[in-house]
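I've put the structures underneath this note.
After this come two complexes, each holding chain A, first together with chain B and then together with chain C.
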Partner chain A sequence: MTSASTHIPWLTLLIVLPLAGTLLCLVFRRMPAACRWLTLASTLAVLLIAIRLFWQGPTVGGWYGFEDAAWIERFGCRWTLAMDGISLLMVVLTGFLQVIVTIISWHQKKHAALFFSLLLLLESGILGVFLASDLVLFYLFWEMMLIPMFFLIGVWGHGPRVHAAVKFFLFTLTGSLLMLLAMLGLYLLHGQQTGDYTFALAALKQTQLGPWEPWLYAGFMLAFLVKLPVVPLHTWLPDAHTVAPTAGSLDLAGLLLKTGAFGILRFAFPLFPAAASASLPLLAVLALTGIYYAAWIAWRQNDIKRLIAYSSVSHLGVVLLGMAAGNVIALQGSILLMAGHGVTTGALFALVSMIRRRTGTRELDRLGGLWQETPILAAFFLFFSVASLGLPGLANFSGEILVFAGTFQHNPLWGALALPGVVFAAAYILRMVQGVLWGTRPPGRTWPDLSWRELLALVPLAVVTLWLGLYPDPFLQPLQEPVRLLVEGLMLAQGGMP
Partner chain B sequence: MSGLELYALLPLLILVFGSTFVLMVGAWKPARRPLLLIGVLTAASAAIAAACWPAPLDEVAKMFSCGPYARFFTVLWSLAAGMTLLLSLRYGEDRRFPGGEYTSLVLFAAAGMCLLSSASSLIGIFLGLESFTLVLYILIAIDKNCALGTEAGLKYLVMGIVATGLLSFGIALIYTATGTFHLPEAMTALGTEAGMRPLGLLGWGMMLTAIGFKASLVPFHLWTPDVYQGAPAPVTALLSTGAKGSLLAALIVVMQGVPAPSMADLAPVLWVLAVLSMLVGSLCALRQTNIKRMLAYSSVVHMGYVLTALLAGGSAGFSAVVFYLVVYTVANFGAFGIITSFAIQGQEPQDYADLAGLGYHHPRRGAALAFFLLSLAGVPPAAGFIGKFGIFYAAIEAGYLGLALFGVLASILSIYYYLRPIIVLFMADERSACLHRGVIEEHGVLAFCLAATLMLGLYPGPLLDLAIAILPG
Partner chain C sequence: MNAKLLFLIPLLPLLGGAVNALAGLYLPRRVRAAVAVLAVAGSFAATALLWPLAAGGGMRITLFTWLQSGNLQADFGLLFDPLSAPMALMVTGVSTLIHLYAAGYMEKEADTARFFALLNLFVFAMLCIVLADNLLLLFLGWEGVGFCSYGLIGFWYAKLENARAGRKAFIVTRVGDVFLGIAVLWLFALCGTVGIPEINSLAATLAPGTLTLLALLLLGGACGKSAQLPLMTWLPDAMAGPTPVSALIHAATMVTAGVYLLCRMFPLVALSPAAMIVITLVGAATALYAATCALAQREIKRVLAYSTMSQIGYMFMAVGAGSVAGAMFHLITHAFFKALLFMGAGCVIHLCDEENDIFRMGGVAKKSRFVFLMFLAGALCLAGMPFSGGFFSKDGILLTLFAHEGSWYRLAWLVGLLTAFLTSLYTFRLLLLVFAGKPRAEGHAHRLPKLMRWTLPPLALFGLAGGLLNLPAAYGGGEWLHHLLGPLAGAGHAVDHVTEYLLAAVAGCLFLFGGLIAYDRHRNFQGEAPAWYKTFLLQGWQADLVVERLLLRPFNAIADFCWKGLDQSVIEELLQTLAGGCLKLGDRLRRLTSGRISHYLSGFGWGLVLMLSWFLLTLVKHG
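What follows is the complex of A and B.
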């Protein structure tokens, strides 16, 4: 299963390239222009490698790449990177969104070099999370995402930024430290059973867990559910979003939340299939609560950035519902919705910052009349808003419809309970659209419409939104094999036929 | 004492004779900088001697071992002394330290630490411990014009005398119970001789109390913050790393000899000490607004972690302690080194308010300080993560899940107090004035600590293997 045909370690390159960019940005910290271009170059390089892997297609057994090297022999940790269809999709999403983030933050003035180096460090960590196939390596990258995000919120945020940054750090770290304990427990159990002390994901899947399984599963799930975030554990997210700079919000919503969902699919479900399948109803309850609670709160928001943050929680509730349904259609829908949500919500956050830069406010009751003032911006805003609420033909629809179809198949009651959530989404999104685009404009000078640089960021996002909505098949193809394996694992644990 | 034994003690002799030499020269030619540099050279040659020429004997005078374990710590504490002296070059000039005495005392302290880490008998432990604590009383209060420093020195002295009394009484009781000072035997005998066992255990209790004072375990930690705050920053660096680390290194040798029945008696006591240190230390650290006091309480917490691994025992636990001591030493030297390098005319920036916005005035050292603090907090990719990982691993393997959970709780709390200075450095609204640019020697020490912290975090394999290989017994 070595990297097909060539011997270039593409997966390692994916992680190392942004890291090299980070260091170079710090070296050239007196030249902001050089840092900008360096960042653009590294993010583009990552995107190109991701597209190349996508283009090349899978090798044996649905794998897109596999790399393995010695790391810490003493603990049985190895530098193991593996890319299946799910990670491929997430890596492509990461590469794409980071390029957009770079373009949007092009005129970053405050400590530009530090800003770009942190962006690249963050990208490296996220890619590592999506690729790592060794538990300790995964944990390393998981924590590596924390530090740059903490600084992005804390240094470049506005308002109570330090409060939000610390809250973000503490919530995530609490979850991940418990995951670390669970990892150690799993490692020791496996070692005692087989004599092979290793953190390799593939080997640990074979462990006989016995009575420990629910506890270890809970340790992993807590870390992932905080990141996702699921409703009682979500309070860090709106705070972080409200104060974060645009780039931070984009990465947070587009990528960081996905790492939580990804972790569930890559680690929690395959490692603990029995506990996972037993917990599916609980997950469904959490998901349904999230969908409605977050929608309700979103409806009452006056700050549009906060509104979109809560809409994220609601959407991720749908993603979690798809996982709780646990069949092929629903899981594929979940993953597709993750990509769709990343693109549309990312675009909405970018638009919010553009609106704020022009009007100086994000308050719904002070905004209005953008449709006449800045028609192109308004059109994009409308486009991504309706994409977010799940209009057929646009990104979120294809994912959501698959999730709902799968959920009805698994348990019609859950489906019936979840479906009205779409109406709720329509309600708060339309309230936002109405408040921003129509009505009377706030007094003051006129605003310019979108600049070419802003268009450069928004047009690719719009194209991908349409693509995901109209023809998601190329993105669904790579998901077939890994999702089938996941579902088989869950079914076997339930004692049913795969 | 035969020539072979003298040769086996070569690194120590280098330190001691170097110390005496500097003291003598300093009496006639009190030039501060050359004397400090001679001290650095002495420490470096002791480290090289310890690393390159293995001793021909296992043990000298049935008191000190010369095995690879002892040699490893000899290298570590010699380097620590060298770094202390390098950090003192400008700082000592500004505060008018007496060059000869200061250098000679630091070298002598290093010799004491090396002796303690290589002790293989109870007398060795006593000798080593006392020889460097005596020196530290003077070093802490070396600036006679500084009221805080004098207070700190006195505080350390009073606490130290109590601990010494307990230690010597404890050793006497163990000797009465077992009839030997030599370590493995004394510990083994403690498990078997039924009649005298209560006496021995009482001795153990007293020894533990003394160790608790010196290593600042809760509830014996009260001196720590004041002494850390009052002592000159380079001395604090040595005090927080070498003084505690060498004691814990000696404790490993002691614990290895403890037979199972005695261990069953000891374990609950150590368990409580570890949990208290982790929790009380964390809670106290939360409220600090002085970075040296915060690091003092954090060192209490770190001793709690180390005690956890010590209690877990086995090759996993003991090697985790060794690894952790190295990582902790490097990160602490980095943090105190940065405080030293910021000092203008001996005025260290201790309050968080003094650090406000320094991350932008001094980006490299600001980032380095953040990195050292994150390493102490155990966030990857800094080395502290691997250290903590090893400790939790050992604890779970040995069945101390509760301790591991308390460790996690303490780690979560610790994030908060380590983040506070980082927040002040980079996210404060107002900025304090620029501080000293630092000199080349200080930057050299910091670069070394930074490189070590990063390397041990990303590729810890070699040191982990070494830590296993050198364990005695």
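What follows is the complex of A and C.
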């Protein structure tokens, strides 16, 4: 079988292109400049393909692409890639952020070739996660993301980098091993019932699970919730962020966390609708706990990166709340917020590294007065900060307000409990802004304002932030069909009419 | 007339703001100011020219859909009706004058690009509140003014104190925003729409208890923005911002957004008598509270800030008593004279060598007769001099309260009277301390730029003659505003003319008493003996201390507990123990493979023994 609309296997290309870049970077490892351009070329190519798929629009049934080929026939594993609206959005986000990451890491000195090849390997893995529609293939990509990230943190990080890298690795690996067990359980169960031993997502959705369902669901969810991350499984994230290089932080916050949320929507909910709908209140409790708990901790942080890391946990709590509400508006909001959070938090991490490069510190009590010296950088910092605290008209608000609106529709109490979280967000974000921008700078220090390359990275992020905030419709349209299917699945499981 | 042109009203200031935000750093200073002023003036002209569209039920147009998901649809849509049109006209008109004034005021300031960008964006956001046809767009403006206010209060950020005041304003008003947000989303869940006219017409179908709760949530939102009890602590501190900002945001426009919100949602709010009483009482309590605080303030702008709070209390009382027309009337006259007072205060501060403390002023009347006259006009309106704009609008509110049934309203009326007296008292205290006598501190008078001078007379004129907007029938007027609002105006007051004259006479006497007492006490000001009650009032009844003790400390304590008590210890420990356990288990298991033949041999021997004994046991069992 080939792609539904054309004969060019775009989805496979999306994964193979960065992989090819990885190998080429290793081949040309003596020429860092070549590797840089090569990385830029492959990330741009991925972005262009993603935009092309976005532009072309869906085929019947809301699919943007479907590719299927034989792989390990003996065990029923196939190379199945499928792109629905949710994957599309995530792929576009990945393509976009990865270009920005490349621009920001342009002057990477230490082992440049290896660095870029790992970035590309990471991109390939992430894209694979967003596209795979076969459980084994998904698991392969899921683990494939882990390794480059481990090395990015462990080799290029600052401070206690090995500790953080190992922590990150162990947390995610533990989660994913449970998922692997659940996958095998599902595989065997389906095989016993139908005689067809397969890992295809579409087929496995039909499995009669009986008493096994909650256990298998829990196995999947644990892997995803660690990645999300949800309190109390979140402690790897602040550590990883604090030491990670800028590119690592950007990918971590912008993309890796999203794979957890994406996994819930693509696998956990559709495979186990009954268990999922039964678990929604529990998810809401986890989400609400996360929103406040992380915000409270963020309020006390002195290291900006750690502060933003905890703010991520808080924001992802809102994403999870949207899933717990489980209706059309809330789910669309969740996914939109994932994109918005990726862009704004990514931008903030980029800015933190620019600030650190100038001032040599990330500690709030040693910063201050940046507006005096570098008004343009400061203006960007303010812009993305207020976007992050959910100012209407900017990216995060669109997602958040939809999540809250959907939550109110589902259960006004949850909504009313979640909404005061925005005051917390205002408190910790403005504390950060205050520490960085206002006041006076240390005497006798001057710093240059943004360079054109830094602007090149920040301006697109700002444009997308405004776009998502003011006219999110193009991004919401592709979500309609997959979200409708998800909601239908949940409703049927509850015994209600969709 | 093309109705789409209505979008020029909010979009022109947005455009001006965008120009200054993106290119301001590279523009000459004069151009920055000119862009800002022209943008707002254009918006004013558009509002005036498109005025006829507001007639009757008004005009509702949509530019494009902002958010659409499920049954939620929020458009960039405007509602230009008899309620929003006069408000928009006032906002753009007063803003134009204040922008002109600011162009003069900021003459020597370096960073005017940021200033004018934020000022223009503020006007855009405010117009979103005024003109929005749905609650989400209103919310966009609502938060937008909060952000611009944050940036402008902390405009002189080099002093961290100023930045802190900005942050306080943002966070305290955001507490109010949460109430508004809950109300909006809950209304959406109940009504399935966020359109303001739709919700107002569906409101009657909701359960009474729900309605009361919703109205109270809206009140909570209004309290935040309008600095009413208990969310009022940010307003006095907000005076840290440049004076044009205080005039624009903290006198004429943003702080009245709460009143406007309640008027906009009046058909819903009015359905709950309990909520109406609460609104009245909140207004009354704030009016009195702020007036007592104003009596003891030492900074000229803080006196005006508390007086603003107090006057907005009157507007809340008007809404609570059911008179939208009364609230809007006072809102508009107040905008004129309070902007005038703030701008006059800016001139005074210039004349006194950037001195803020009224105890160290004095004799300003001799320095500039013009500023004195302008300030006097504003002060007389504020104090309620008979036949000034402020007199008519305040008297109308008192009359409505008097005429309303119910003992709570009678109480509010009494509080209103008392506050009127206090208002006169503190206004004359301010006038005397600033303008009378001789200068109490050295300092050379700065030159006043022309733009700062010539923007005052129009406001003085509007303030003094503002009564004509809604002149009561008892004085031969036609109640123009009341008729303009038509069905939106709410209840009128039904009292005969004799009572009306009597009440007006009472108000006039209160004005006179206040003035005389102030004259007696402050005519020859020699400094004040400190007293505990003065400090108490100066600190706003120690509200900040209460918030610090009751809210901030527990908040910080919980934060520390979460961070150090849970995250860093319990969760981390637990995982460490888990990891340590794995490590130990691995260690134990490792000993099995020590590499020594003797260990292996002994293991082999023990295994053999075990197997043999098991074998023997089974034999015994079956044998």
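Just so it is clear, the second predicted complex is superposed on the first by the 492 of 498 C-alpha atoms of A that agree within 3 Å, B and C clash if a C-alpha of one lies under 4 Å from a C-alpha of the other, contacts with A are read in each partner's own complex, and residues count from 1 in each chain.
Throughout what follows, a contact is a pair of C-beta atoms (placed from the backbone, for glycine too) under 8 Å apart; a residue touches a chain by one contact, two chains touch by 3 or more.
Bear in mind the structure is a predicted one, so any value in this text is a computation, not a measurement.
Between chain B and chain C, the partner in contact with more residues of chain A is C.
Applying the stated contact rule after C-alpha superposition, one finds that A:E73 touches chain B and leaves chain C untouched. In the superposition on chain A, contact of A:Q409 is made with chain C only, not with chain B. Using the contact criterion defined above for the overlaid structures, shared-chain residue A:G154 touches chain B, although it does not reach chain C. Contacts of A:W371 after superposition: chain C is touched, whereas chain B is not reached.
In the superposition on chain A, contact of A:G128 is made with neither chain B nor chain C. When the two structures are aligned on the shared chain, A:L391 is found in touch with chain C, with no touch to chain B. After overlaying the two complexes on the shared chain, residue contacts for A:G185 are found with chain B alone; chain C is out of touch. Once the two complexes are overlaid on the shared chain, A:L170 sits against chain B and chain C alike.
Touching of chain A by both chain B and chain C, each in its own complex, is seen for residues 170. Residues of chain B touching chain A in their complex: 360, 363, 374, 379-381, 385-386, 389-390, 392-393, 396-397, 404-405, 408, 411-412, 415-416, 419, 423, 426-427, 459-461, 464-465, 468. Of all residues in chain A, only 29, 70-75, 111, 114, 136, 139-140, 143-144, 146-147, 150-151, 154-155, 161-162, 165-166, 169-170, 173-174, 177-178, 180-181, 184-185, 187-188 touch chain B in the complex they form.
Residue ranges of chain C in contact with chain A, taken from their complex: 21, 25, 64-72, 111, 114, 136, 139-140, 143-144, 147, 150-151, 154, 157-158, 160, 163-164, 167, 170-171, 174-175, 177-178, 181-182, 185-186, 188-189, 555-556, 558-560, 562-563, 566-567, 571-572, 575, 579.
The part of chain A that touches chain C in the complex is made up of residues 170, 232, 235, 293, 296-297, 299-301, 327-329, 332-333, 369, 371-372, 375-376, 379, 382, 386, 391-393, 398, 401-402, 404-406, 408-409, 412, 415-416, 419-420, 422-423, 426-427, 430-431, 434, 437-440, 470-473, 476.
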